[in-house]
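These are the structures in question, set out in turn.
Both complexes below contain chain A, partnered by chain B and then by chain C.
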Partner chain A sequence: MNQKAKITAIVKDNLQNFLFVLPAVSIFCIFYIYPFYKMINLSFYDWRGIGPMHFIGISNYKELMGDNLWWDSIGHAGYITLIALTFQNALAFALAWACDREIRMKRFYRMVFFIPPVLSEVVVGLIWNWILNPEMQNGQHIGLLNHLLYNSGFPQLVHDWLGDPKTALTTIAIVNSWKGFGWGFIILLAGLQTIDRQLYEAAKIDGASAWKTFTNVTIPMMLPVILVVVILTILGCMQVFVLILTMVNEGLVNHTDVPVTRIFSAMQNTNRFGYACAEAVIFGTILVCVSFITKRLTDKAKQA
Partner chain B sequence: MLFALAGCAQAPQPSNKLILWHWMTDRNDAFQKLAQEYQQETGVEVSVQLFAPSDSYSQKVIAAAQANVLPDIYGILDKKSIVADFIKSGLAADLTGAMDADGGSWKNSLFDKALADRRFDEGNIYGVKPGIYGVPIDVTNEQMLYNKKLLAKAGIKKPPVNFDEFINDAQALKRVGITPFVSGWGELWLLDCFASNYAFNIMGEEKIFATYRGQVKYTDPDWIKVFNLFARLRDNGVLIDGIVTKGNKYAEQDFALERAAFSFNGSWCVNVYHEMNPGLDYGVMSPPPISSAFPLKIWGSAGSSFVVNAGSPNKDKAIAFLKWLTAKDQQLVLARETYNLPSNKEAIFGVSPILEEFAKGMNQSTHPNIWPLNEDPSVSEAFDKGIQDIIIGEKTPLQVAGDVQTVKDRQMAQGNR
Partner chain C sequence: MAKSTFTHLFLMTVAVSCLFPLFWMVRCAFMTNETVFVDKAIIPHHLNFGNFAIAWTKGNFAVFFLNSVIYTVSVVMGIVLISSLAAFAFSRLRFPGKNILFYMFVAAMMIPLPGSFVALFVLMSKLHLVNTRFGYILCMINVGLSMSILLFKTFFDKMPNELEDAARIDGCSKIGIWWNMAMPFARPAIAVIVIFNSLNVWNEYILATLLLGDTKLMPLQRGLVVFQGANSTDYPVLMAGLTMAAIPIIMVYLFMQKHIVKGLSSGEMVG
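Moving on, here comes the complex of A and B:
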């Protein structure tokens, strides 16, 4: 084959490959890259969603830096995420670990634990609104939780869970964990089932206790899976939105604001699309940084 | 196909088919029925397309406006300033000519306050060419409702006529274990509406607008009185538990299921209550005034209105359809089937007694959309959330007044820059 024919064959081959990936690349560019670029671009403008756009440089970002409500909302999302990372994932891990044993009806438990995540967030919000309803009618508590507390001898615990700033965010965080633990459960269970049983047998022969086996076999083998669960938990919880909207509407003053509700409010209530985009850019950057740091920390833990 | 995908399709051609976008789930069946009737009468097909809920609809309309793919007829669910942006972008047709034709017969058949919602007068602050840019298909106002049975149970013979009586009645209701008042104040606009009714009552519109212009501070004693009113409601246990996170749908459910004796809601509630509890025995009253200094005003204007796409090749047909839709006969159909107040004045005499009670309130109504200026949204948000703060007992009226003024000062400083 001469040189020219060789080059033609390579070009043809590359062109063919390129044509195969072109549809996917086009879709990615149209639906991901362009909107992403547009969002960053809009964050430098004052725009109400329709009509003329005014370039204002980094003014939106400057304002955002001094917006206490925005930073509070980041803190609220962080709190919800912290509850999920600890309470939700510990629960998911414990249940996955239990279902990985030879226990009766484990298929049934797997199914039950996976029900909350497959429910729509709106449905979950509505169900919990009814459970947490603080009202009374004809001397009876309408909400299931207050009804149970009152009738089981704990009337002092009856409370307006979503209407009190001291309890509202924690209540939402717990409901969010209830809704989300099933995902972690399934992923962690799948991870546990991939651990070679011979490792456990070897540990047993070496006389390792159940705790030692757990900390020296299960945890190190599960680290990559735990990393995935941690990152998914962070990304999912930081972006919690629908649950809050269905449980407390536009929020309990600003005590239940999270970044996405602030972004939504900037677009919907004050028609500040540019400011909303600036919020989205900052929020996205924070999420990328948190994911990156989490990955680095876990990599270090794996090496150790 | 590639051109179509790229949004470069050929410009739409005139046709015998109109497309109408709306968000009103409760009125969809009636619209579909009327559209069929219109096709039989005129041969023009009207495709009525429902997009709900209203938040999603709003976003869809804005996205369609950006892509210039709006239908022939649609509604703008937003502030007047945004409607102005649609008009200035050439997306909403000026209907003044059609309204004024035949000696203004179309315009004169409609409630003036409903038309005012979409009318831009000479020298308007939005810089829009004067004209009428929308057609109200119904009117609405927000008032208080009382449950006759629950009031009787507490020994209350007639609804309260002033705020002190209201507080006394609330005490009487509480004594017999009835929650006095419910409203969907988790939705800030409804809270804003209630507060502004009393602001009109306490200080009158001139002072309110002077505040918006920055000439009067929110720390003024009259504004403190407005904030204090909510502290009184809280301290006297008038409000239902969880009111600050309650959506209006839940509040409507509470009133319909007789869990509260009074409610603050819009005239659309007649339809909602009818569906939830057809036997509910209730009446309509203006919020009881707290002062005799100025008349108490309620919010009332066009409930829902449609605009015609200025770029539509079927513009004239779209206007003709809206003229037909707001004629007396069609308005009666809408009023009877959807329990909403008709926008046509002649149709008001054929509605149910409870709607007639609501209709009487139109005489004392006003609306932010017809005010010469509106408060900055960020100040309004601080104002409404501040009231929530008072209700949950986190802040005093004085603290909230100070907070709102801080936001106002910042907004004024930004405006000056």
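Moving on, here comes the complex of A and C:
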């Protein structure tokens, strides 16, 4: 009898404890697990959002393999990511390196560099869309950039930056870097500040040049942090979407499409829900693979 | 000396490039449709203060702004309550399936799910939650959940057992311990979670587009795009709207800077 009462008490206690996680687990199951399952499930159907669903096996995936616009869009996102990995992260590292010492106005710089990242993509996209405006009125350039180029003696550089398929993607990639470098800067600066100053002192005593110190002390110590920034950059930039939506007019779609815009338009413009899900599954798989590989590299770097 | 001048020049150039576009936005918000295209002076010759009023009333920004506040406050409060309760249980209480459930949340943070919004939309239509505030709030709570649970748990794990035991002897219930001891103990975590989720909800666009088609329910980011689509040439009013969307988040950032830096370095350790 006593035993039984004890067991009942334990069961009751466990149930009570489970109530603590119940809200989180139910929200998670409904809004994360179920859509995850549904996304994979729908990718095997031909479905227009309403009406009958036709099971078509892997037809969506077969069609996707030959869909050039889709693979182009991955290439576009890859290009934006590449610019971010090189230009943006090099800038972030250089700035962090410059701020990692006794320097006046350090707090001001740190404050300012993180302002673009806290702004929304809509705000950033629309501001730059206005600055890059290609039109003219009364012989004057409306957009600030073209106005500055024209009046500072570079009239040959005046250009429809977002309207020309040749420059649109690069312009977007640079604005994307403008918005993003602050993240890398803050994380890299935090990493640089954890490096033991004595290492630098020791290198100095050994007569190592500034460049030698940089390549032999700073870079190896920073490798894990750098790889974290790399992984965040890849995941963030591959999923760029709103920036493109707010910067580019619809006429250029095929030149500036990225995977998320493709998924969006498959769903909203052509009502092909199954196809959109197949795109989402492939894209998600690619991202998981990339972040897994980078994670493995991080672990290896940490061991070394 | 020369070297430090060069460093400052470099840092200053980047700093100006960060600030100038924002200055230009605010500047253009004070112009009229006639002057904005031709007057390129740093400080415009005629200042026009009417654009903010126009945006606020005719541009519907009063509604958008209020909606953004409602969504941000309710989502952040929801995340703090729900994730701290769960993290408290994961850290301090016993129940079957605890580890599996916890690793489920950790895994969710590792696996990026771009495009799961398609299936989410399908689900929301089935539940009749499209075009409701409640539906959008629930979806956004889910977005911030995993990260917050993880952060709360690392704090609750550090809470000394003696504290908890003493409270229990005094007859404090589990809920009491969570609210009176664990939550105050995790105050730094709460700060980080509040800031990052506020930024995230205030700036969110994709789900707002999918789920909220009704103008009365739209948050600022969605409202801005709608406004731009309808009045594509009314730049001064658009810039006034952008300013209204940007200022609150910049203010929050300036006041909370310290926590953001801390949060980023701790987030980096988690990842």
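Throughout what follows, the second predicted complex is superposed on the first by the 263 of 304 C-alpha atoms of A that agree within 3 Å, B and C clash if a C-alpha of one lies under 4 Å from a C-alpha of the other, contacts with A are read in each partner's own complex, and residues count from 1 in each chain.
Here is the rule we go by: a residue touches a chain if its C-beta (ideal position, glycine included) is under 8 Å from a C-beta of that chain, and two chains touch if they have at least 3 such contacts.
This is a predicted model, so every value here is computed, not measured.
**Q** Fit or clash for chain B plus chain C once both are placed on chain A?
**A** On the shared chain A, the partners clash.
**Q** In the overlay, answer first, second, both or neither for which of chain B and chain C A:T285 touches.
**A** neither
**Q** Once the structures are superposed on A, label A:T270 by its partner contacts, choosing first (chain B), second (chain C), both or neither.
**A** first
**Q** Based on the superposed arrangement, let me know which partner A:N138 touches: chain B (first), chain C (second), both, or neither?
**A** Once the two structures are laid over each other on A, A:N138 reaches both partners.
**Q** If we overlay the two complexes on their shared chain A, which of chain B and chain C does A:T86 touch? Say first, second, both or neither.
**A** It touches nothing on chain B or chain C.
**Q** Looking at chain A, which partner touches more of its residues: chain C or chain B?
**A** With both complexes superposed on chain A, more residues of chain A are touched by C.
**Q** Using the superposition on chain A described above, determine whether A:R48 touches chain B (first), chain C (second), both, or neither.
**A** A:R48: touches chain B, not chain C.
**Q** Counting only touches as set out at the top, which of chain B and chain C does A:S209 meet: first, second, both, neither?
**A** In the superposition, A:S209 touches no partner, neither chain B nor chain C.
**Q** Touch test for A:N14: chain B only (first), chain C only (second), both, or neither?
**A** Touch status of A:N14: second partner only.
**Q** Looking at A:P165 after the superposition, I want to know if it touches chain B, chain C, both of them or none. Which is it: first, second, both, neither?
**A** In the superposition, A:P165 touches chain B alone.
**Q** Could you tell me which stretches of chain A are touched by chain B in one complex and by chain C in the other?
**A** Overlap of chain B and chain C footprints on chain A: residues 49, 137-138, 142.
**Q** Can you list the residues on chain B that touch chain A in the complex?
**A** Residues in contact with chain A: 55, 58, 62, 65-66, 78-79, 81-82, 85-86, 88-89, 91, 177, 179, 184, 186-188, 240-247, 250, 254, 257, 259, 377-378, 381, 385, 388-389, 392, 394.
**Q** Considering the complex alone, what residue numbers of chain A touch chain C?
**A** It comes out as residues 13-18, 20-21, 23-25, 27-28, 30-32, 34-36, 38-39, 42, 49, 91, 94-95, 98-99, 103-105, 108-116, 118-123, 126-128, 130-131, 137-138, 140, 142, 144, 147, 178, 182-183, 186-187, 190-191, 225, 228, 231-232, 235, 238-239, 241-242, 245-246, 259-260, 263, 267, 273, 276-277, 279-281, 283-284, 287-288, 291.
**Q** Mind pulling up the chain A residues that touch chain B in the complex?
**A** It comes out as residues 48-51, 129, 133-139, 142, 160, 162-165, 168, 247-254, 265, 268-271.
**Q** Under the definition above, what is the set of chain C residues touching chain A in their complex?
**A** 4, 7-8, 10-11, 14-15, 17-19, 21-22, 24-25, 28, 37-38, 40, 82-83, 85-86, 88-90, 93-96, 101, 104-105, 108, 110-116, 118-123, 138-139, 141-142, 145-146, 149, 174, 178, 199, 202-203, 205-206, 221, 224-225, 228, 235, 238-239, 242, 245-246, 249-250, 253-254, 257, 260-261, 264-265, 268, 271
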